[in-house]
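Two complexes are shown next, each including chain A; its partner changes from chain B in the first to chain C in the second.
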Partner chain A sequence: MSSVRHVRGFDIAKPLSIFTMVGVMLPLILLPLASIFIYGTSSGLDKFWQALIAPEAIFALQLSLVTSFWATLFNVIFGLFAAYVLTKYKFWGSNALTVIISLPTAIPTAVAGFSLLLLWGPYGLLGRFTDQYFHIMFTAFAIILANIFVTFPLAFGVIKPVFETMSQSLEEASATMGATRWQTFWHVTLPSLRGAIVTGALLTFARAIGEFGSTILVSGNLASRTQTAPLYIFAKFNEGQVEAANAIAIVLALFSFFIFSVLFFAQSWLDKK
Partner chain B sequence: MNIAASFTDISKKFGETSILEDINFDVSEGEIVVLLGASGSGKTTILRIIAGLENCNTGKVILHGKDVTELPARERGVGVIFQNYALFPQMTVEKNIGYGLKLRKKSKNEINKKVDELIELVHLEEHRQKYPSQLSGGQQQRVAIARALAYNPEILLFDEPFSALDAQIRQKLRREIRHLLKQINVPAIFITHDQEEALEIGDRIAVLNQGKIEQIGTPFDVYNKPSTEYVATFLGTANLILGVVNNGVFEAENIDLKLTDDLFFKNGQSVKLIFRPEDVFLRHPENLTQNYQKLIDGWIEEISFVGAFERITVRINFKNGQLITFTRPKTETENFPLQIRQKLEIGLVRFRIIPNFPLTHERSAKVY
Partner chain C sequence: MNRIKFFITLIIFLSILMTACLPSPSNGGGKRTITVYAFSVMKESLEKEIYPAFKEKWRKEHGEEIEFTSSFAGSETVVNQIQQGVPAQIAILSIERDVTRLIQSGHVPSDWYVTAQKGIVNKTPFVILVRKGNPKGIQDFPDLAKEGVKVIHPDPVSSGGAQWSILAIYGSELLKSEKAGAKDEAKALETLKGIWKNVVSTPGSAREARTQFETGFGDALITYELEGLLMKQANAPIEVIIPKSTIFSEHPVAIVDKNVKADERPVIEAFRNYLWTDEAQKIFVKYHFRSVTNDKLNENNPEFAKIELPFTVQQFGGWDKAYPDVIEKIFRDQVQKK
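Our next item is the complex of A and B:
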């Protein structure tokens, strides 16, 4: 940096580096995002609205929200529990378990969906025995299972480091003051994790609602039955109904934008208290 | 005096390593006992055993006549002030203080009343709605104490409570806390590695070394009548001279010092003479009246000015040319200036003879 000229306190490096950064981001990130808004509204807001309230579109959005909700609920609770167990107790294989929990991040989502099919599908490892009683694949349950699989490490990954840095003396203080383990967890441990839980939940939800690769394999992609919002976009685009696809794309994009804004601003607020 | 807590024959091992051996001491009602020791001396382990956060292998923890050795921490009713205070960050000062009562299912009114009372006691009136992160170290400590007092603890345990604070605040808080503890008359155990802190805050001090109590006594006794070399050197500076006892006289090369008390040594027993730098007396014609015994002659090696007093290193008239140090107050340094290589006659106002165990482990049964 010292080689850069400073002319009367003006540092040319500052505008130059900002300009370069935005210049790189423009074609790669900003323009693609902008184009869905530009295209989606180019034939009028009325058309956009019509595409949005089409029954199939509404169903797809609802299904995405509901399945993502259940997957998030499960993964936050389990992630919290797993983080508690793995920080509290050191046992043979605990490191291996930590790695396994984190594994789904590294597995391609298509592989995740495929492996679920191989397990629960009509001819799957377990599916061949259970399929005569109940179906899992090609239902909303399959979508939830796929969502759980691909978002498994997210909440855990956010919560565990907070657990690790949490001072053990807080829990010990609570115990000496007369609290049972459960009371300590409820009054002391959990409030300290509030920020991590909210962050973990939002990350999981944002990831689950956009899940495509695994969902398309396990859901069957049946309109108004097992078609989630991303699948709807894909299906409508294939049918040549670009406006319909675009309307949902806008909703999903706005939704992620909203979630990440909340994450960004809520984090500092939650961590403070 | 009523015994508030007693600890008998407590020992603790981690595998083969002995952490604590035969710890025995009592705390009277309203008494402050300081466990003083270097890191690794086992003082924190004792505290954790009393609090129920750790188990002991043998021994008993008795609080107000009740054997609590087998009880978990939450049933012991002990108040612990942790090193980092361990205040609950999501609770306000009020909530922190009321937590113990809430756990005890007290009514809202009762909790509020007690919390008000305690907030007043520790002077945190304008901070009651604040969160711990908004308080200074000293204020946090007061919250920690109030929080522990809320449920009328059997005993208060302080785990190095001043170590996170500045030296200046430390001194002030020591006095405040001692004053507070005397006011509320709750028995307390302090652990610290700071000898000055121990001397100032304790009614009695137990000096720990390698998992054993070397000596327990009043600050005056532990400082002035150390029973082991470790205690003598841990609590401030001490000069040591090796010698033998014969017929009540300490003998070493050119030294013959008449013993005034503790005449239970055998003739010819190897002993050590211990005296503190401030107990050395220089003979001047002007103040011959002071009661002292001549020790030996020596030559000044070094004089250094250390603020409130002067520290002087003297080579005594020994074949091995041993050095001793002593200090003089300002009044004396001004009236009787000394020079390097000046010859002096050294006298002792107070000294102590202890049996000579050259190595620590010869004293304890166990070799580490």
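Our next item is the complex of A and C:
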């Protein structure tokens, strides 16, 4: 090991490594984000505000929030359930299922979109029979389905490791004390998963709210009907209305900043008994 | 334990809230909505004037409020969306071939037009946009093949405008050589190849291409004249170069029968027919499209350039021939594949 030189308790490695880290982040993450804020507000806060309260923009943000919420709720509940099943029981195919749940991480989101279209679209495998009774594609449901697909592994991925490391003895103790399975789950298992559930939910939500590739295919991209915030940003950018695109981009950026701050600070609160 | 109860309460509360504010389409129900899918550059004229004017007209004549909702993309993309099942009722496309595709898939009836203009609602010539001062000295299509010129050209796979542009380049070389003595197909092919070699980006639609050009990328862009005039109106630092010979693109409107219910048909048909009225044609001229019903209307727009040797897709025998002969056999098979 090379010796690190300490000069009167001053470690040169500290400022150097911090400087390097920030220096790398600057052109890759910090400056691109900053340019959204600078550009978005460059033509005056008044214009920024106008872009923000445009009915189409508000609708798009609202639609994104609602669809992401439902996708998150579903994926957290399912992720919890799947993690429970897959850690509790070993059965033929259980490893395959774990892999399948994780697949959407690597599948391009556009593929997620058109796989849904090929299934539920008016000419899809099932859609050709069902679409005359109820529409799924090109409605808010399609957006929720797409969000569920692309964020499927996130909550599961956070919850399952915690399940695996959870000490069996606690649950066993609970069982010997005469608790039912449900009581054990409710009073013992769930409380130790709090942190993982909240983390999984926020990650899922943050990912869903920024989803673009699959929603542009399944939503139909109609302004004030099926246009989510990311689609709105893309449409405005293509129309050359970069300010309008930026205003919403700023909202989404602040939003994810908020989510990850909560994630960071809530951790300690949740770990308290 | 309390924390879990808190979370459950929070989730229930949020669920109720989220159900309550599941955004309903902005028209608040009741009103009938016309759903329009159109190619990218139709955006301004439709949303700013055509929709409001028709709403007003319909309200006066029938006492009914109607709404419009629309989506804009490259013409070929619009057709793909409709074929996948988006609820488009009116399709405004860049090229007639795209209507043919919709007829083949059973979305549009084969007798899709009623007016003397054969479904064509407006037109515009194809021009070249360059940076202010024309630093690369572009005067006509062949100049775009010069070394070091960076050309932005929409992607013919998704954009109708891109296909017009290819016909414009190829056709203008043919027409010029024909006027000079003999039709020189080899030279036209060379020009097309030379320009394609200089293409640095192929965005999905004419409007996307314009946004790229506007953000400072590339030296030249081949596009609809109206795009150049809209940019000049916004004081963008560009110049519009009028080729000696170029094509007039003609844009069809079709009703997507499959998505129109019987009780909606009157208003949808009225809207389609409205597009050929003097009122609508004047609006198109204001937004730099050229009228197809009355050449006199075009005199209202002093910005329109005069083209020395104009032509239309008829020079190639219509889209039924132009697509296989030029876009496929010449562009795709000989220019794109090296």
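Note that in this section the second predicted complex is superposed on the first by the 261 of 273 C-alpha atoms of A that agree within 3 Å, B and C clash if a C-alpha of one lies under 4 Å from a C-alpha of the other, contacts with A are read in each partner's own complex, and residues count from 1 in each chain.
As a working rule, a contact is a pair of C-beta atoms (placed from the backbone, for glycine too) under 8 Å apart; a residue touches a chain by one contact, two chains touch by 3 or more.
Keep in mind that this is a model prediction, so the values were computed, not measured.
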- Task: With the two complexes superposed on chain A, say which partner A:F59 touches: chain B (first), chain C (second), both, or neither.
- Result: second
- Message: According to the stated criteria, A:V188 is in contact with first (chain B), second (chain C), both, or neither; which is it?
- Response: first
- Item | First, second, both or neither for A:T180, with chain B first and chain C second | first
- Based on the superposed arrangement, let me know which partner A:L170 touches: chain B (first), chain C (second), both, or neither? first
- Message: Between chain B and chain C, which one contacts more residues of chain A in the superposed model?
- Response: C
- Item | Which superposed partner A:S224 touches (first chain B, second chain C, both, neither) | second
- Note on the structure: Residue overlap on chain A between the chain B interface and the chain C interface 187, 191, 194
- Once bound in the complex, which stretches of chain C touch chain A? 1, 3-4, 7, 11, 14-15, 18, 21-23, 25-26, 35, 40, 43, 69-73, 81, 83-87, 205, 207-208, 210-211, 214-215
- Item | Complex interface listing, chain A residues touching chain C | 55, 59, 62-63, 65-66, 69-70, 73, 117, 121-123, 127, 131, 137-138, 140, 187, 190-191, 194, 198, 220-225, 235, 237-240, 242, 270
- Report the residues of chain A in contact with chain B in the complex, numbered from low to high. 167, 169-170, 172-180, 183, 187-188, 191-192, 194, 272-273
- Show which residues of chain B lie in contact with chain A when the two form their complex. 51-53, 72-80, 82-84, 86, 88-91, 99-100, 103-104, 131, 133, 147-148, 151
